[in-house]
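Notes to accompany the following structure.
Labels for the chains are A, B, C, D and E, by order of writing; each one numbers its residues from 1.
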Amino acid sequence: MALFEASHLHKRFADQVVLEDITLSFEENQISGIMGPNGAGKTTCFNVLTGRFKPDRGRVHFDGRDITGLPPRKIARRGIARSFQMMNLFDEYTALENIVLALPEVRDKGFRVLHDLSNDSGAQDRGAQVLARMGLGGREGALASDLPYGQRRALEIGIALAAEPRMLFLDEPTSGLGTDATAILAELIGEIRKSVSIVIIEHDMRFLFDLADHISVIHWGQVIAQGAPDQLRENEWVRASNLGALA
Amino acid sequence: MNQNSYLSSFRAWFTAPMLLSFLVFGTMPLWIDAVGLYQYLGLEVMIWVIFALAVNLLLGYTGLPSFGHGAFLGIGAYAFGLTQFNVAANLWLSLFGAVAVTAILGGLVALLISHRRGIYFALMTIACAQIFYFIASKWTDVTGGEDGLLNIARLPVDLGLTEISIRSNFSLYYLCFAAYVIIVVGLWRLVHSPFGKVISAIKQNDSRVAFLGYNVWLYKWLIFTLSCAITGLAGALFAMAQEGAYINIMSLQWSGIAILIVLIGGGFISFWGPVLGVIFYFLARDILGAYTETWLLWFGLIFVGMVMFKPEGLAGMWRDGRTLLGRKPAPQPEPSVTEPSAAGGD
Amino acid sequence: MLGIDNIKTFYGETQVLFGVSLDIAPGEVVSLLGPNGAGKTTTLRSILGLTPAHSGEITFDGKSITRAQSHNIARAGIGWVPDDRRIFPTLTVARNLAIAAKKTRFRAWSIKEMFDIFTALEHLMSRECENLSGGEMQMVSISRALLGSPGLVLMDEPSQGLAPKIVQDVMKTVTRLKTEGIAVLLVEQNVHSALAVSDRAYVMDHGKVVYQGPAGELRDDAALRERLLGV
Amino acid sequence: MASPALLHVNQVHKIYSRGVFNKQTTFDLQADFTISEPGIVGVMGPNGSGKTTLFELITGSNIPSSGQVLVNGQDIHQVRSDQRDRLAIHYHQSYQVRHFRKRRPNFMLQPSPTDYPLVHLFDEPQFNTQDGYIGFMLDFFRRLRDEDRLVVLCVHPNEPFHLQIMREICERFIFVQSGRLTQAPDYDSLLQNPDVTAYLGDLVGGQAA
Amino acid sequence: MADFLLTLLPHLLNGIALGLLFALLSLGFMLIIGVMEVINLAHGSLFALGAYFAVMLMSQDGGITHPFMAPYFDLPIVLRYIVALIVAPAFVAVVGMGLEVCLRRTYGKDPLYGLLLTFGAALVLEEMIREIWGPAEYFLPIPKAISGGFFFGDMIYSNYRIFAAVFAMAMIGLLWAFLNRTPYGAVIKAGAHDSEMVRVLGYNLSRLRLYVFAFGAALAAIAGIIMAPIWGVRPHVGVDAVIPAFVVIVLGGVGSFWGAVSAGLLVGMVVALTAAYLTEWSLLSMYLLLLVVVTFRSRGFAGKASALEA
């Protein structure tokens, strides 16, 4: 059984079907990709998988346990972390504070009024380690809002990673990045994949085809194709199209 | 090593601006007459500072605009009087009654509104406040209706061995000051604890906080209830100061003034914003009020101007002034939570 | 007519255009091609001032419009046919068109001329726009742009949802605009139809222009076209 | 008894009219056809010919003036309006969504007998070669057919390869013009129809060349 | 039973009159939400201001008068009433324009700022009213033709309420015609639906917003003038008016004209019936209604996402 399995997810908003019948599974220690044209239901799918929305039908299993309909905080505590496409860092906090707040040990101290985080060298050190891993060493004290865009993207992923998840969901991590920054990001993801299973939603196909072990194509709220990148490339239309030329 | 940790733990509890505020407020009754003001003003300032700090806990720290907090001030005042009349004329018990009743009612309101934000939150607080207002004004048997609850006593401070009378404004002031010290130290600790970091993070981005595994609803509920409890304490002190509990403090106007004070002072960026705001408000009332009847109108216009041009309020101006003068070495303006630089250095 | 020099555009803090330059002469038809998400629509929005360029320079009709307000850009003579039509659904076709009419220094168009271009339009005038079919909406959207007397029309996927015959009509209209001296910037998925009427073409990818040249070159050089656009 | 046809459009007639007293018919659509087997059906026709109305009638969002639509034997208008897409689902472009008033409350209607739609109507899926989803889309249509479902594909062929796709994937065709349907069993007989060649205009020449 | 129905009837009529006025008030509120995406908490204060301006234009003891105005007060009351109905909303429209200019700085920021600003503006306006007219309650004089009452069976029913209902209905009808028959209305509707496209058609959005705000303010003022003889003219009346406007919009859905009218009638009916049987608590019913409505139906009948969601 795969680490993460979703079966027959169905979701509608009012009279609009957004997810028709999604069945997906993500293996441990792999990078799984989800791609699809705009408005195909990728982001809704992501939100259902990570607990922001409850599916109308279907089940989601993680690590053999049913997590369908659990609120985000409970899903997070099971070991799933996510990043956001629209970046919403804690802008009034420093880079380090952003990370520290995401550490599970700090989360468990959330109600401890007498605790002082700035004196909690354990948390500070672990936060600094995560920052260093994201290539943000030395930027601990900078306000999140003052970081350049590429570093904010890295911090965004760092926050998700700081929660020490078993599975990391990344929502369009390359959006807004130029070619160079995308390359750096690909390197970063290549690095962190050693310790965590990753699911990426992306519209940048080349990025996904290079990185992912397995890709699901979503359109009309359904999985219209899936397989390893090489399998997908075998499709003659894919080869005839722009993607075939560039991928 | 040991001494170092002692020092840092002292720093975790007390800061220079805090000690400065203790010094100023602690000595205020001694010089307030000399600068041409009067003792009762000090009392009002002290009570309103506590009230404004409670409002700012919601508005400034958690980003929840409670437009009806005056109702809880009134509930505290009534509860203080009612406990005193019907249970026992003991200060501690009556204070406890006031805080407990406001916390319970606040907690109930919070049950209804903790999952809301922005406009709906603001309107729900207005609606709840108006409902409390109507109940207080119509339930004459209990609240005295439009006449209010008269003859609330300034009960003596029972310290076990001895009792201190607080009949005079001077001595009541010191009771309020003691409450202020406790509240300020407690709130300072609270907003700098992990709990405070979480509520401020909720203000910045609540869905991300949920995805980090925090129970956002519970944090919001707790902070609203706590804010109401502190407001209840302010209400009880107010009942003693006024020697009565009156319906008018529950009106929307007073809730509005609390918001005005907090924002003008700079509650969005500084812990001390509400304190600055209260001082500014009362000075404006007494100084402007001496010249013009319409001072509250002008005060409201200042508020509108602040929202438009300087939502960071007085604290923000102070910060900008310091940055301009180059006295502050830090290259960037510091955020409120990590660095309450606004009210005077570190 | 239109000159874009090295513009960089952001949505919020997300950068979409990484230095785009292009230019259009009066009466010239220029295709802007490339995959979804390449930044074509954003380029149009930058020209219109809806998502103003963060840096770089846009000039129209000899004047800089980089920082101008959208309504002034429109009044200067730029019309827009958005990809999702953006017809006001609660108004009738007639009212949709009526509020679009304005005068600029360029050629004015009458409703009657619109009827000549789209024969079906006349019978639609009293219909509420929410009841139109996709193709009918597109006719209204194009007419709306022309009634604003533009000197440059930005067309975002005009052929989408239109029958082949109507697409040919639209492309004929494009050619007609060209003879009237009106420039057209054409964003299209249907590469062949677009190249058939264009003078020049730009291809964008990842927020940058990756190719520019005469439309004929892209039309005739199958290998080049396949590399850039597939097929 | 043999299993019912997958889609039976039974003498459906839809009339739009204008005026209260002196009613004038502005548009009428007549459709009567049966598709018993799973498969892929191509639908073409000029703008405003009634394709979208036909799709709306099949999915039950629009009410016919007379006649009925049976999906797998079930009258779609007798099914709860929020479950009709469990029988027949319409994938449209976002700007094409039209809203209709409900005629009867849902509690008076029947639940859908199936959870997953049997008839899939695709309204102008975007076939372009620049981002390369076409291949996946075509495989998906075939997969639906192999899972015993009916795929109805409405495409305006605007590029030569669009026609190529339709020819490759569709097993039968329906051509709609001015509210009247013409069926064609295959691509070649479709092109025999002069209305179709008029509709396609220059494209056919290009295709033949 | 028949008796009960007969006694119920005047209250139902009250409900209709009140409901139509609520609808009128909310339609202005809704126009502002639609085009500006701002919840104007000062809308009630504009409503109150309308009533006060009307008082000023109707009676000499109504606050500020100046000797030079004396000849004006010699005019017949009907004339003055008509002047008040035109001039007072115009004054309020100007105040509304001022408010919109202030609001511009909050567009595109956190909606909290717009909320704080209009909240502050509501307090300022209320304070201004207290300052100019004092805290006492005023009564708006009305022409004889529409005052008094008539017998209805053996009960008296107020002429004025009939007038109010008819007037409000006429205003709603005019508003509908304005929005649906004139090019200005078309631009407003278009702007509420898609402000971006309206800009690209060459319309100055800032100016459109200014006019729409003024227009919404004038509608509030008209509702205030008509409501004045029913509710009385007090500084605090603004707060009591903004709540029903909000309830009506949440119930009827942003952007739905007839939704607002029917929700207005519903709310009016609820308030009138509580007023009839629980007189003391009639205003309370509105706040309870708000709580219930927001708790259970925060998206309104139309169910569309809007500025209210923020």
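One rule holds in what follows: contacts are C-beta pairs under 8 Å (C-beta built on N, C-alpha and C of every residue); 3 or more make two chains touch, one makes a residue touch a chain.
As the structure is a prediction and not an experimental result, all values here were calculated from the model.
Steps from chain B to chain E, taking the shortest chain of touch contacts, total 1. Graph distance from chain B to chain C, where chains that touch are one step apart, equals 2.
Contact with chain A and chain B alike is made by no chain in this entry.
Comparing chain pairs A-C and A-D, the larger number of C-beta contacts belongs to A-D. Distance between chain centres (mean CA atoms), chain C to chain D: 30 Å. Chain E has its Cα centroid 43 Å from the Cα centroid of chain C. Centres computed as Cα averages put chain A at a distance of 49 Å from chain E.
Rounded to a whole number, the gap between the C-alpha centres of chain B and chain D is 65 angstrom.
Residue positions 35-37, 229-231 of chain C are each in touch with at least two other chains. Among all residues of chain D, those that touch two or more other chains are 94, 126, 129-132. Residue positions of chain A touching 2 or more other chains: 37, 240-244.
Those chain pairs judged to touch are A-B, A-C, A-D, B-E, C-D, C-E.
The touching residues of chain C, counted against chain D in their complex, run 33-37, 84-85, 87, 120, 130-131, 133-137, 139, 159-168, 189-193, 229-231. Of all the residues in chain B, the ones that touch chain A in their complex are 8-9, 12, 189-190, 192-195, 197-198, 200-201, 204-205, 207-208, 210-216, 219, 332, 335-338.
Here chain A touches chain C in the complex through residues 37-38, 86-87, 149, 152, 175-179, 203-204, 240-245, going by the rule given at the top.
Against chain E, in their complex, chain C makes its touches with residues 48, 50, 69-71, 73-75, 80, 82, 86, 88-91, 95-96, 98-100, 102, 144, 148.
For chain D in complex with chain C, the residues that touch the partner chain are 45-48, 51-52, 93-96, 98-99, 123-124, 126, 128-132, 156-161, 198-203.
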